[in-house]
Amino acid sequence: MTTASVVGGSGFTGGELLRLLSGHPEFDVVQATSRSYENKTVGSVHPNLRGMGLRFSDPADLESVDVLFSCAPHGVSMEHVDAYREAADTVVDLSADFRLESEAQYDEWYDGHDRPDLLADSEYALPEVNRENLPGADLIAAGGCNATAAILGLAPLFDHDVLTGAGRIVVDLKVGSSEGGAGGGAASSHPERSGVVRPYAPTGHRHEAEIEQFLGTGVSVTAHAVDMIRGASATCHVYPEQPVSTGDLWEAFRGSYEDEPFVRLVAGGSGVYRYPEPKAVAGSNDAEVGFELDPGNRRVVVFSAIDNMMKGSAGQAVHAANVALGFEETAGLEFPGLHPVGAP
Amino acid sequence: MTTASVVGGSGFTGGELLRLLSGHPEFDVVQATSRSYENKTVGSVHPNLRGMGLRFSDPADLESVDVLFSCAPHGVSMEHVDAYREAADTVVDLSADFRLESEAQYDEWYDGHDRPDLLADSEYALPEVNRENLPGADLIAAGGCNATAAILGLAPLFDHDVLTGAGRIVVDLKVGSSEGGAGGGAASSHPERSGVVRPYAPTGHRHEAEIEQFLGTGVSVTAHAVDMIRGASATCHVYPEQPVSTGDLWEAFRGSYEDEPFVRLVAGGSGVYRYPEPKAVAGSNDAEVGFELDPGNRRVVVFSAIDNMMKGSAGQAVHAANVALGFEETAGLEFPGLHPVGAP
Amino acid sequence: MTTASVVGGSGFTGGELLRLLSGHPEFDVVQATSRSYENKTVGSVHPNLRGMGLRFSDPADLESVDVLFSCAPHGVSMEHVDAYREAADTVVDLSADFRLESEAQYDEWYDGHDRPDLLADSEYALPEVNRENLPGADLIAAGGCNATAAILGLAPLFDHDVLTGAGRIVVDLKVGSSEGGAGGGAASSHPERSGVVRPYAPTGHRHEAEIEQFLGTGVSVTAHAVDMIRGASATCHVYPEQPVSTGDLWEAFRGSYEDEPFVRLVAGGSGVYRYPEPKAVAGSNDAEVGFELDPGNRRVVVFSAIDNMMKGSAGQAVHAANVALGFEETAGLEFPGLHPVGAP
Amino acid sequence: MTTASVVGGSGFTGGELLRLLSGHPEFDVVQATSRSYENKTVGSVHPNLRGMGLRFSDPADLESVDVLFSCAPHGVSMEHVDAYREAADTVVDLSADFRLESEAQYDEWYDGHDRPDLLADSEYALPEVNRENLPGADLIAAGGCNATAAILGLAPLFDHDVLTGAGRIVVDLKVGSSEGGAGGGAASSHPERSGVVRPYAPTGHRHEAEIEQFLGTGVSVTAHAVDMIRGASATCHVYPEQPVSTGDLWEAFRGSYEDEPFVRLVAGGSGVYRYPEPKAVAGSNDAEVGFELDPGNRRVVVFSAIDNMMKGSAGQAVHAANVALGFEETAGLEFPGLHPVGAP
């Protein structure tokens, strides 16, 4: 068995990682750290893990493991990365600390970077679009939730030359409250957060940097909080320069994703679920991607839906680790989600 | 007192109209019709109106009134409009049957039109943008919910020359389940509809016709169902041809709305509610409109939020009738909404 | 006009009071205090009141008014009551500080009492059951939300001798998140609080003291948090000593409530809303009360539903003030609620 | 591999069974039937199963399998049971058709019974309390959702003589909308069903018969619909005849459940999740059971929470089949649920 630890295990992402790793055929979880819940059982914070015997330990006392997953907040990972790398052969970081390529980007979008020397060494992980970089990687930056949703929707259009970067690209995001993490203040309290359609990042969402870095073109991101807990839905409005048919679009998306274990194309058809929806993938590592052509406006609308806790963070991290370590890609990630399911 | 009747009073919009008219200082409700609930009390369908003595009557037996409000579905109003006009001096229709100007538009966006001769006689009613047409009007077509949200957000930009119609305009809508009306099938059942971000009109939303007719330019509409009951939120992504400042935008929006009794500008500031949100206006006839400049993308994002049952239908109809009949504009529409409030 | 002030105006109950008083035909709101939001507009906290010009002021600087409504938390009112009474002829307190009759009860259920000398002078206010005590009262303790729901359901059975106090009385409560007030920690965050059926007061709910004081008998209260924002629903399971018929029950409830402006009897019938439901009264000052006889178990089940923000606090306070000051009982409280409405 | 079929596979319970069986190490699903969706893929109805190749077939053409699971509605299983038994060695029925012991009970609680001759042959399955009856059983009636919640909460008190059946037992249920099944009318539409606390079975809930049959004593059941999709929560209020301590209660519940793989005792402690909650077990086959002593009222409150789709139907059926066929009890049922999770 490959030994693993989870730094920051009491947060939402940490809990999901502990759930995935404890059910993973290749991993043996030997440590979960938490500053706030030291010595408490994992199940006292994550009720679904009450059956797990593990207790949180002090993040200052890292055990030696094969793989360390860090769920520390942005800015903390870069501070402790040497300790992480000393403790583990492979570090998978779920924060934004190692996702961008240059110090300049961190200066522009974040509060700068303490360890710009490591940026060139880390591998951004969104396996569907760059799995070839991951085998053997020892510092992996799992892609951000909203960026993942947007990139999965848009990449096939660039890869198949439907888009070239000349036109406007609007990415209108709708996300669940788990993106705000555990705790939170008045804005995330149940009375204030329930039933919202709240523009929480009207412009300047930090994931815009990731999307633009990956696609090589500018995008106009606006993010709204809506009434769900898990889930990120990206609606991308794009205007191809050349006329495009529905057949062209199917070709592009099938070409990119037909062999992908975690991507489903959903576009039209009958029944209740005709386009991608976060609730159709809730709890799973699957992404749904679909589209509709709007000939009158010469527009293509692309929809992409993921569970931000899974495909958007913990699941993506495990997927990346599977690729990096040579495991079956789907190992530990087979849960297909639930139906019916509400606002998971 | 001005006498009023409500045709189609057992639907959601009909119930709201009955509530508004029964609390209105100028109106006396003398009839509510329903084919399905004839002889039942209004309160047996609308529990909030249990104190109202009225019973539903047969729509074939219309009483003579000053104002008839029709909440019949699209297609039914045009069929019965002669009977409506015989029964009442003023007809306010809440369906789409008299909103568009030409038969050709109905051929394109709906199933044609039975009474194209009347299209020139009816007045589209979105009082903030065309109240001058309403005094004395005898056939009024209250503006549609999603169109109202979009037009309120975009009109100031055209009126103040921030936009000229040359660029792309994306209207990304998020709407509540009451837009689907009472009843409904599997897709609107609670287990399937809860927690959704569901693209229900990816392209080709019929309100696109209203918006385009009013603004005189093409717009790219996509509508999503989200987990609320009341509410329509429009996020409009626009790219002005000329550079624009935040000050220019405030000038445009203040210029259009500073004296409007039902429009609030909400853009930034502190606290939980910084931009327009449907829950901030739920139950009221108010619209919130706000914006954010995205200099990096040369984009302006405009947010607009209404209660689709109020500003988007029943409230708008009463507002229009107030103007048409010379009443105080806010008569019967003073309720300010609730805080806190969930997914109303 | 009668002048009024609201102490603690930035909380949920304070906001509702400000809304009610500003729409009340007899009151003129001259002050709203808040320690946290001094100098901010009322609308910056309560978005539905953005049209109200008032700004929060320091609670240490109370203006002289006719009626002061205190929304301060439990324990604070008793500390400042002399200042309140100096500032106003009539004080209406919405906390629990003056609801119980004796110091011993506060020792048992709360953290004791600083001003036991005033307990005999204050009037508990649940107008349906004790309005005769209110005219001229100058220190009024508005009844608690959950106690109000339970008492309204049970009092008719005692008043009409269906119950005598000999048998077990179970009061199973389901309440919304607004009962926890603004702010709150992890347990009331949206991800943790959504979708719950959470026993938050399995036993020993403090309102048990109010119910027992009023009914003169012991009750077994258990309170659950459920997924709504407003609303308190009490299901009372009682076992009459003597056989009772449905007719007897109708006689009891009609006898108690047929002339009450704010109580509706809802028991059976057709349609969707057959028994009391919080959402049927959300936003209004109405209570719904209903029942069902269970002959096989010799049980009567009584259901009672209120909006905890209205009939359970702010509405009840205004109702009590209306009676105390000789105004129309329903003044300022006519809003009938909404249909459809979600989890308000 | 053991072959299995699912009759009625397009309903909610059928979908969950298909999910569980397709991930089960011992079962091979060879058929799923549906009258309404014949020839459609399983994934066209259950979006989480889009990866499953299976198509629905006609229930009139049953294939020969080792185990047939019937998700047909009440009344249908009894009509087709001969065909089921001809097709399969073992029939697991998820309806109520074979849960009660006598024809008289069906006459009292249901619409009678067509095949009373089989009632003695079928085994009621709630493995925690009667697993000894299941090995080798060939007609298994999986226990009902609400009955399961109530029995799991109450059985330990009877088994350990805390209760003897002399006192009143109130079972106050709160359940999710999935209990109503797919489709549904106005009452289960999203606008009417959201945010409810709705007494849908004030008295006379049919599961009362199951609970009473199992416990051998009368219970007073009242069921409320609340705003979740999955989940059943039972709050049982009981009054032991003899004084009982918290220690006695722990002894009773630990005695009954400490070795049970699917029951967790949750009573007090710190953190957000202190008592049983449906969302803590959503998606899993786990039940949470807990209690609180109310010495002042000589009452014990017992809380029990399950996912009605899992422990209350599909999971219970698989658990029963595992025991009947000699498989590992937890096979195919290891998914621990999610955290955070909303109203699943």
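Worth a mention:
Which chain is which? They are A, B, C and D, in the order written, and residues in each are numbered from 1.
Please note the rule applied: a residue touches a chain if its C-beta (ideal position, glycine included) is under 8 Å from a C-beta of that chain, and two chains touch if they have at least 3 such contacts.
Remember, predicted model here, so these are calculated numbers, not experimental data.
Greatest Cα centroid separation from chain C: this falls to A. The chain pair with more C-beta contacts between its two chains, of C-D and A-D, is C-D.
Computed from the mean C-alpha positions, the centre of chain A lies at a distance of 45 Å from the centre of chain C. With centres defined as mean CA coordinates, chain D is found 35 Å away from chain A.
Contact with two or more other chains is made by residues 12, 176, 178, 182, 186, 191-192, 194-195, 227-229, 272, 277, 340-344 of chain B. Interface residues of chain C facing chain D in the complex, by the touch rule stated above, are 167-168, 170, 172, 174, 186-187, 191-192, 194-199, 202-204, 218-220, 222, 224, 226-228, 231, 233, 235, 237, 239, 272, 274-279, 292-294, 296-297, 299, 301, 303, 305, 340-344. Per the touch definition, chain B reaches chain C in the complex via residues 12, 15-16, 19, 23, 44-51, 176, 178, 182, 228-230, 264, 266, 269-273, 277, 280-284, 309, 334-344. Per the touch definition, chain A reaches chain C in the complex via residues 12, 177-178, 180, 182-186, 188-195, 229, 342-343.
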